[in-house]
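The data blocks that follow each hold one structure.
There are two complexes below, and they share chain A, which is joined by chain B in the first and by chain C in the second.
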Partner chain A sequence: MANQAATPSSRGPGAVWMAAVVLCILGFAYLPQMVVQAPIERTMGPVQKIFYYHVPCAWLLMLSTFVCAGGSIAYLFKGSMRGDRVARVSAELAVLFGICTLVTGPLWGRVAWGVYWQWDARLTSSLLLWLVMVAYVMARRFGGPASRKLAAALALFAAADVPLVYLSVHIWRTIHPKTTVVPTLGKEMMGVFFTSLGMFTLLWVVLFVLRGHLEKARDELDTLALDVEDHLEA
Partner chain B sequence: MTTLKKLFRSGLLPASALALSLLAPLSALAADEYQPVPDKDPTTIAANPFIAGAYGFIWVALLVYVISVARGLGRANAEIAELKRKLGS
Partner chain C sequence: MLPRESVSVPGFATQVLRIAAKDLRIEWKSREILLTMGYLAVVIVLAFAFAFVTVGGERLSPSVTSGILWVSVFFSGTVALSRTFDRERDGEAIRALLLTPIARSAIYLGKLLGVVVLMASVEVIVVPLTAMFFSAELGSHLLWTALILVLGNFGYAAVGVVFSAALLRSKSRDVLLSALLFPLVLPVLIAGARATSLLLDPKSADLGSAVFWTQFLGISGGIFVVLGLWAFEPVLSGD
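Take a look at the complex of A and B:
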């Protein structure tokens, strides 16, 4: 039994990593098939199927923002460089999944509402959240080491916007569907939705690990560059 | 104005209005009956490029991101190897 328990760890992170990557590729290749076979919604018709991509992207935008805020808090209050790395990585993922949300939503809206965009509370607050995360990434990209604290503060503002985005459909009158629509989904729709949500979340983990490797490599590079300077001066 | 009054008094105008109000729903019904049922819902045709476009955009965005991260990782590893070589020599 002890040997069996030890088996997964003995394979090392490489095996888990490869399994996650393969599962992601297979899942994303099969997902369109599932979406095609999903039932057609009565009032909106087939365009409602964009829901199976749009909502997971929006969920990952919010998750990335919260992770970024968590890392930023660790950096601001404890000086954790690991927290700073986590924040930087998740901010990029927030921008990535945010743009996917902001593109897929209007494509759905064009058919369902007749327009690509409405300055509605949900859409506007989501755009604002994405712009704050873009500001974070830009500050970190071009601001140098001094921008770390400023960017961390931006992440806290972004995290404060997340509940507003989520609750906007309940607080204000909007044309966007309410969040209460998910529990009302039929069995087949629910299956496709949660499979898609799971696949997207797994993809997020894979991208987070991949981007985390790059961040670690850059930190190592900075340390080595300083070592080389010291070495040359000596 | 006087012509209208005459028509109203003669009962022709009210009768015509009554006839029109009765015939209107019938004509609408008749039009509905003779409307050919499209073999495909128009929204089906309109929606497909949008659904494919949404999924396609996500794929392209993810692919671009993965390629940029992989290239960055390759560059960083090459520079690390170069600096380690410099430190070793």
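Take a look at the complex of A and C:
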């Protein structure tokens, strides 16, 4: 039969990706063990260990925003649909890792500062960045096809916020720990931190690729549905 | 047919000024945006006054007063933003605008200038009114406060004009405009409100911080205008 030859062009993730998924699952099964065994920080005590989750999530929030802006630039100026998919997927990841950052931060703050939230420059700018990415996802979900360019413009402006978030601790006098704290960590802490950073980044890549495949399949399905409609009308 | 030589394209600055003048001339005929925007701004200030001020109670602190002022400027600004491109939809005027031999960036800057002038015109009424309602010391740094407001208007409108253009063909324009615009321009609100509160406080010795926030407004406004110039053309060209 002729239509048996029609195979979907996106066949799902390959062997490399399956290996990455397995590595990711194993890594995240072992990571809590590493965090438990990491040395206890002298002044803050065990609560400092949230750092191993909080900082990687914050880094991924910024990475996702930049990737979203990159995809949006490709879509806006070259009309690349792939760029549009990249932007959409990374915006969702920005929202996800933003939630993790904004939940782990206040949990640490409650113990270290005595309150969950401070209107500190780093906290405020991170919250704003997350809100912008939520606005992106909302625009894509509820704005219809016309929202593509609108959301792409939004992503461009959001990327301008990222340096503000990163530099906020240096520009203003804030109570949030500075980025210079990382090189001062002990050797063991540094090992756990970079393992966690690597595992979270791998998780980001796995989610990005899997979600990207889903988006691509959805686009192809939409095109097919339109073709069928045209065929029936003809 | 007109001979080709008789059509001359004006310089960039003239193009920008002509777009702004066109918008302002249309507005001057009906005064629709000015009146609705001004009315909305005053109502917002009054709503805050009723919510915060009690008879014979204490005077509000300068930070609350400046916050009220900036919130009213921001919310009323959406009227100018949504109407400035709404008018281009009437009779598909946008097509004619895009067919004219002028640069897209000139359209962007012209629209931006028009919105800034409209916002500033409303502020001329709302700022003294706010100062009067909340007994704020406006006189001590009047020009500085005006500069902060104008810089804030530029930052706000630089982002707003891009989104307003992108929403030209969208049905849920008004809802999306506020939802997308506000989180992006909140740094402008923060900087503007902080700087104004420092200037409104007669006892404040922290004018250095006011200088910092003014510079912040200038720099962020500049970045927003550059990004706006960049994004405006692809956004306006439609799907």
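In this section, the second predicted complex is superposed on the first by the 221 of 234 C-alpha atoms of A that agree within 3 Å, B and C clash if a C-alpha of one lies under 4 Å from a C-alpha of the other, contacts with A are read in each partner's own complex, and residues count from 1 in each chain.
Throughout what follows, contacts are C-beta pairs under 8 Å (C-beta built on N, C-alpha and C of every residue); 3 or more make two chains touch, one makes a residue touch a chain.
Since the model is a prediction, treat every value here as computed from it, not as a measurement.
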Task = Could you tell me if A:132 is touching chain B, chain C, both of them or neither one (first, second, both, neither)?
result = second
Inquiry  = Contacts for A:203 in the overlay, against chain B (first) and chain C (second): which applies, first, second, both or neither?
reply    = first
Key: First, second, both or neither for A:153, with chain B first and chain C second   = second
Request  = Report for A:45: first if it touches chain B alone, second if chain C alone, otherwise both or neither.
outcome  = first
Message = Of the two partners chain B and chain C, which one touches more residues belonging to chain A?
response = B
Message = Contact-wise, after the overlay, does A:116 reach chain B, chain C, both or neither (first, second, both, neither)?
response = neither
Ask   = Is A:30 in contact with chain B, with chain C, with both, or with neither (first, second, both, neither)?
value = neither
Ask   = After superposition on the shared chain, which partner residues are touched by A:218: those of chain B (first), chain C (second), both, or neither?
value = first
Message = Quick check: in the complex, which residue numbers of chain A touch chain B?
response = 28, 31-32, 35, 44-47, 49-50, 53-54, 57, 92, 96, 99-100, 103-104, 107-108, 110-111, 203, 207, 210-211, 213-214, 217-218, 220-221, 224-225, 227-228, 231
Message = Going by the contact rule set out above, which residues of chain C touch chain A in the complex?
response = 159, 162-163, 166-167, 169-172, 176, 179-180, 183-184, 186-187, 190, 223-224, 227, 230-231, 234-235, 239
Key: chain C partner contacts - residues on chain A that touch it in the complex   = 76-77, 124-125, 128, 131-132, 134-135, 138-139, 142-150, 152-154, 156-158, 160-161, 164
Query = Taking the complex as given, what residues does chain B use to touch chain A?
reply = 41, 43-44, 46-48, 50-51, 53-55, 57-59, 61-62, 65-66, 69-70, 72-73, 76-77, 79-80, 83-84, 86-87
